[in-house]
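Below you'll find a set of structures to go through.
Each of the next two complexes has chain A plus one more chain, namely chain B in the first and chain C in the second.
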Partner chain A sequence: MANPKKQKMSRRKFLGISSCALTTAVVGSQVKVLKALAKSGDISEPVAAITKDVYTSCGMCVNKCGVIARVRDGVIHKLDPNPNFFPKSRGMLCARGNAGTKVVYDPDRLKYPLIRVGERGEGKWRRASWEEALDMVTNNMNQIAEKYNRASMMFASTEGTFSEHFFLQLAECYGTPNTLRHPTLCLSSNIQGFSATFGTNPTPDVKNADYIIMSGANRAEALMTPDSIDMIKTDGGGRRKLVYLDPRFTKTAAKADEWYPIKPGTDMAFILALINVIITEGLYDDDFIEENTVGFEQLAQHIKQYSPGWAATECDIPAKDIRRIAHEFANAAPSAVYYQGRRSSFFQNDTQMRRAMAILNAIVGAWDTKGGLLPNKKIALTKHDYLAPWYDDVPDRLDKGGVTYLSEKDGSWPVFRDRALAADPYPIKGMMVYKQNVLVSVPDRAKSLELMKQMDFICTIDITMSDTAWYSDVVLPEATYLERLDPPENLSGPVPVVAFRQPCVEAMFESKTNFWIMQQLAKRLGPEIAETFDFTMEEHIHHMLKKKPEIYDALFGKGVYYEDTEPEYGRLKGKRLRTRSGKIELYSEKYAKKGLDPLPVYKSPDKVPTNMYRLLVGRHAYFTHGTTANNALLHDLMPENTLWLAPSEARKLRLKNGQMVKVKSKVGEEKLKLEITEKIRPDSVYMAHGFGVLSKGLSNIAGVGGSDAALIESKYCPISGNCAMHETFVQITPA
Partner chain B sequence: MLNLAERKKTYQIFSDLFRYPDQPSQAASAQSVADLSQLLHLDFPPELSQVPALREMEVAYTHLFVNSLGGTPAPPYGSVYLDAGNLLMGETSLKVEACYAAENLNLQGSDEPPDFLATELEFLYYLLDEEEAALAAGDTARQAELTNKQIVFFENYLSSWLPDFCERIAARSSDPFYLWIAEALQLFNRMEMALFEKVRKNSISELPTTS
Partner chain C sequence: MKNKRFAIVLDTERCIDCKACTVACKAENDVPLGPNNYRNWVVASKLRGKYPNLGQSYTPSQCQHCSNAPCEHVCPTRATFTSSDGIVDVKEEKCIGCKYCQTACPYNARYYNEETGAIDKCTFCAQRIYAVPPRLPACVDTCPTKVRAFGDLNDPNSEVSLLLARNPSKVLKPAMGTNPHLFYLD
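So, the complex of A and B:
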């Protein structure tokens, strides 16, 4: 398999002669024809065109599956799964993973640095040299630092790139605390709720669990990774069972043993009722609770109010089913999990809802045991240390104190944006974006546009012309994940592995790696910052692996490094957890001290107003976040999104299947096609995320669906800062 | 019917015009438009009596051929039209590259894929230039060989996608400059097709060298 040092050769230097795969290497003098073509001087011996298999990692979603790129005649011909040990990919690639070549060979990929010449968003661009574009970026960054403050620059980025840390490093070294990462658009309430209970956000051992309950975690669609199959695999009525709660009949619902169309926002009531049954009927694991938890007494008291009868009216799930499920769950335990889901940006009570899940798992002893929740492990890599320059007058993060637990690096998008719009307590005037499609992924697009309008300068680094790139001043083309040498990435989990990326082909056009871009910007920002980036990627990799040099050979030799192939159950037995008490906190003293509910307290979701519907959003199997919507191979599978509405409601509104409808919320209005379907509750409507590209006139381009970000109000969980994406009501009228 | 020198010049002009504009090419474009108009007997609209400023050309070119929201209207790459999947670096891109290599030409001066329109036009310019040299040297065998290469390359890798490409420009652009260039390219494509058809039918033994 390819080693970047040995095989870094230019496709252009080794021209493939169609089928015979012999090429002519060019040496000696060159005589130009006009511009592109040059007459070669001497001709050396023919050499074989680049045909090789390259180990790397998928970059189409966060799962980072192992890939073998089949390079034929210098072109990536096909992507195959890496059959070597990869617990998350298991020798498989999903539809998106297979479509990865399209990212490289997309005629619409960003090719050259672009500089805006018309009004922002007007769509007038010109090409620029890297030199000019980079100078423009750093001149603007310096001006903003001088005119306002270094903190007036914000850096927004996304996960899964293996290079995001270089972007964050530049932000830190430039001197701004204002980095905005993706967790508050995704799973920060999950992390918060489970960490408050277990001291970590564990991984459910779904492969071995006999009983799995899921709340709206549509793993057969929203994040269909190869290991999702474990979650939806049942044994046809045998011991193994999947119970699935979702207001929609999703693909996961279709695979489940039982599906309940739960009233949106009431999952916590269902969970609390399960806990109620398990405690009142003595079905919990006494010894486990005694040894490993704190606060059971308080929990037992607290839970009394949440009977199955009460929950039934809240959730629209019969009390007898709740009771039976509680029994079945407790019987299967500890090989039973209430799966916490991935995206947890549903309701404002999300952190407490995830806490309820964590507590339920804990009282049946489904922790650190086969089929339960497993604490994650990591393979230690050496970190890249650097000394960020010190600036005296840089204030705290803009969103500091806006929510109870704010992650210093992630921030909270909705809180941050509101304060930035009010310049409270200081203005935000510059925006660096790395592959985050702010206008598509952050709820309430009108506010995001407002935010972008107030910027003195916006630079976006991406691989395609996203809506956000379109609203920028400078757009820099990044090399795609199949063209980059990326640092090793520690994929933590019950069975951790180290993965990496190496270039399968040379980066096309003038696209560059994020690392190169950061180095160039750092150089321009001054020697002190440049010094923190003064290494090559190869040096960086060797530094990271210096304690375990064998990882290097494993990565280049088989694409992955691992130490165990099975989880180590009972690994933390008798050890102190990373909670205040060192135990599993059923009752959270920490929350009590912060004035938060120490035990999850249920509050009914707001009632759906008459003539309105609750807007539900979700992802589907072909797209991940906003970033894959441009991919034509995937786009053919799902060219536009539709609005799901129940037949009874469609009749009331006199709407027909397939007609265009107007969807109006407090913050926006979108037009898209109506899909009348029994697959959704009558009180809700649904649309898939990631559609509805803006045009010059700020309206969506026809035939590409509607944007959920334009409709969702910017509500959020006050504990974690996570967006609450299912708390928007909409009206539907014919378009 | 255009003669060899005229065809060569036409390829050169089109190759220049379909490359990203710069100061020299903008400065030359007034002449290019005038020359094309004369060569192809195609009037240009009055607003083109003054070619656009460089900035305007850059904006229009970037929109049409480089990047645009929702996709560039007319990607200038053969494989997008000729191979399945709407992709760069398809099978035909490699074959085009092999054609260059067979002439001992490399792509050192370009960051574009081999089947970038301007480069394909440059290649045909090269073949015509070589043919001119063969003619001057009285090497008829070489001349015939080069004629044949033009036909093969033109018909296999260029001619068939130009109509679609030019129509996309016409459908999605309001820029008079590139609209006219696209119209001119369509016309030239038809002229070349007709010419090669005649060669094939042996109605003329070789391509016209003088008009």
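So, the complex of A and C:
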């Protein structure tokens, strides 16, 4: 009889208890991965080394939660939540945070600089020395500057790395205005709508609010610290009621006291009807409005047209519920918030929809008070100043004037891309990418591929072979967040903190920090640029903390620095806000002057065409955008994505649960598995983000599932330039 | 450890099914990769009701550390044993991988670890709770919404004792007579 220890078939597998797809990967501990890499000659044989605990910040998403890395014999064995009081992440670490070890010990990691030898996207590479790769990058940058203009180089980067500002510094010093950051794939409409009203984008006091209404901000899955934690009812205070609007029954819906599967794109109608009830029935905070706001008269006139009866037909939420919720909300106020959401942009009217939210919060006085919206605080750090070289012939940003309010550093992805494709008013021929996964994150992948096709040169800095790296000419391996000394970052909020990163282990393979890469490129671009990077990271950190050296000890001693443990309420009372009038602007004079609606005007979303469905996107707790689906530990939780469809529609289309379907939009077609579920409105379908990748360098997910970016049309909010993610209709057919 | 009786009390109302506990456990205990290998898990209940009136609950679980453990009774080599602190454990070197215990466990809390060639399961992270200074089991420590509380039932002032004194609770499959030590608040 065979040795039972050598049996390959596990009982669980044999019994068929789990219906999940089985993976063949059997690499267990980090040590095993290291040994395998040592055997292949990728690294030298691991030697027994230090055992220690290291404070740092998580880098799996953008929350920057506090982490303590348990290093055992030179290997990061486990990542635990920072055990010290940490105001933002409150002693937790999510699934992604726990999976961080598999970012470092990932056989798919980029190990050394690569130079493309085949066609773009063909996946043929050769290993290069840093010297050669860096020379190639700057030679191409110089050629583009000579042949076209410095502005013909674009720099795309992402948030959460603590190192993005070095990348932006290089862009500025090189002389291009064309940096593309994440906000127009994220929260730029939200910032715009709330700032137009309050002069700032405040944070809801979720921990203390008695009544919370959330529109599509799926906080049980789209984790935001501390809101996701604070949203859960606790014995010691916390909210009494959560009303949740979402076309999908998400895990937040499961936790909410009331869930309404609102018709997508009609949230503004619901909010305007709440304002209507609160004003017509006199439930608003008279004194607060008098003292702190402008434009109430105009608002009261404007809002008359938006009755609950009218909204009911728009949103599919009964008028009596709208009326009741308005009463409950106003009764709970000022300890009540209409939660503005954050990383979401749904429709072209997104800025005005967020404006409506802001106005509703304002008229019940839920501002700068316990349980309401709180203005953020920030712990001041000394800025790193540098003198960027001056170039005479550099034009304005390519996307300038494309939308009403364009952020100079962020740009607007959809506007920029359209102009770049038309070379209007000048060509874009070079692309530097730092960890942004353009092909997965920006809607209409075909257009992004078109954009990449027209480039003379593309360089991507990343830790894995993302789709964007896959289509690049030079790929540079960055050290992961657990291998870097990163500058401290002041995270603003009602209770602000300073967080930082320090290396838990030495950077593996030939990976280098972004800072080092920037220094090397700067050196090659000339002494004037090199000078702006002429310091060590240690010097940089000391410089940032020079006014408050105690931060240094706090960071290295307990992983975090903070000054308050509770929010300070009434901080801005009687002070001038950063709006034109200095008050909360219910009516926006600023918008009126720009020819925009000074009060939110509702327009119905386009009707879903017959035999088509509205494509919805959304987050879940296992992946961060387009970057973590290949992580071995997370892949165990979700090996592929599916298309959600309501049972009634599946019957109509004669489709079966689990079968492959074709999803077709105006701009693309994808194939993935069908999941028939009551969790979605019959007029909509949903798929999770991060699958359907083009790169074959992501071995767990290559060829699996469908890409939402391939399907979503590139529509955008004309005020903020934010992508409208929910304005795409698709057809479903058997594959 | 003498005079201790470890237990976990869960408030499933707080669970958002984020699976931080599952990943934390896999990382902490070197559980081999693969969706079928795990020491703890979260069960999403069947969807209740009809659209648009729906409900769903999430129940995290793991080895129940029964005081009358069926897995221990059926083990032919006595690889499975109960420590005096109530932790049910497996002696890797004694395990012959016959998987009787896996079948006997009413909670499906055991898996066969192909890397060690032995049955593996939750140990309340004994390596953490007995470390100096002691640390909470990984699943308890990492949980964003703090579903689980861990502690010693023999200490009347421990968090678990207080939770069970103040709130009604239940155990899973009480009819099996296993006397589990994972308690679910009502």
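A few remarks follow.
Heads up, the rule we're going with is that the second predicted complex is superposed on the first by the 666 of 735 C-alpha atoms of A that agree within 3 Å, B and C clash if a C-alpha of one lies under 4 Å from a C-alpha of the other, contacts with A are read in each partner's own complex, and residues count from 1 in each chain.
Convention: a contact is a pair of C-beta atoms (placed from the backbone, for glycine too) under 8 Å apart; a residue touches a chain by one contact, two chains touch by 3 or more.
As the structure is a computational prediction, the values presented were derived from the model and not from experiment.
In the superposed model, A:K255 lies in contact with chain C only, and not with chain B. Once chain A of one complex is fitted onto chain A of the other, the partner contacts of A:A311 are absent, as it touches neither chain B nor chain C.
By the document's definition of touching, of the two partners only chain C reaches A:L79; chain B does not. When the shared chain is aligned, chain C comes close enough to touch A:G97, but chain B does not. Once the two complexes are overlaid on the shared chain, A:A333 sits clear of chain B and of chain C alike.
Look at A:F509: by the touch rule set out above, it reaches chain B but stays clear of chain C. In the superposition on chain A, contact of A:I584 is made with neither chain B nor chain C.
Across the two superposed structures, the residue set of chain A contacted by chain B and also by chain C is 12-13, 17-18, 23, 26, 32, 101, 632-633. Only residues 12-13, 15-18, 23-24, 26, 30, 32-40, 43, 73-75, 101-102, 104-108, 110-112, 114, 117-118, 123-127, 465, 467, 470, 475, 508-510, 630, 632-633, 693-696, 701, 704 of chain A touch chain B when the two sit together in their complex. Chain B makes touch with chain A in their complex at residues 12, 15-16, 19-20, 55, 58-59, 62-63, 66-72, 75, 77, 80, 85-90, 93-95, 97-98, 100-102, 104-113, 116, 118-119, 122-123, 125-126, 129. Chain C contributes residues 13-14, 16-20, 22-24, 26-28, 30-37, 47, 50-52, 54-58, 96-99, 102-103, 108, 111-112, 114-115, 117-118, 135, 138, 141-146 to its touches with chain A in the complex. Across the complex, chain A meets chain C through its residues 4-8, 10-13, 17-18, 20-23, 25-29, 32, 77-81, 83, 91-99, 101, 220-221, 223, 225, 228-229, 232-234, 249, 251-255, 259-261, 621-622, 632-634, 636-637, 639, 646, 677-679.
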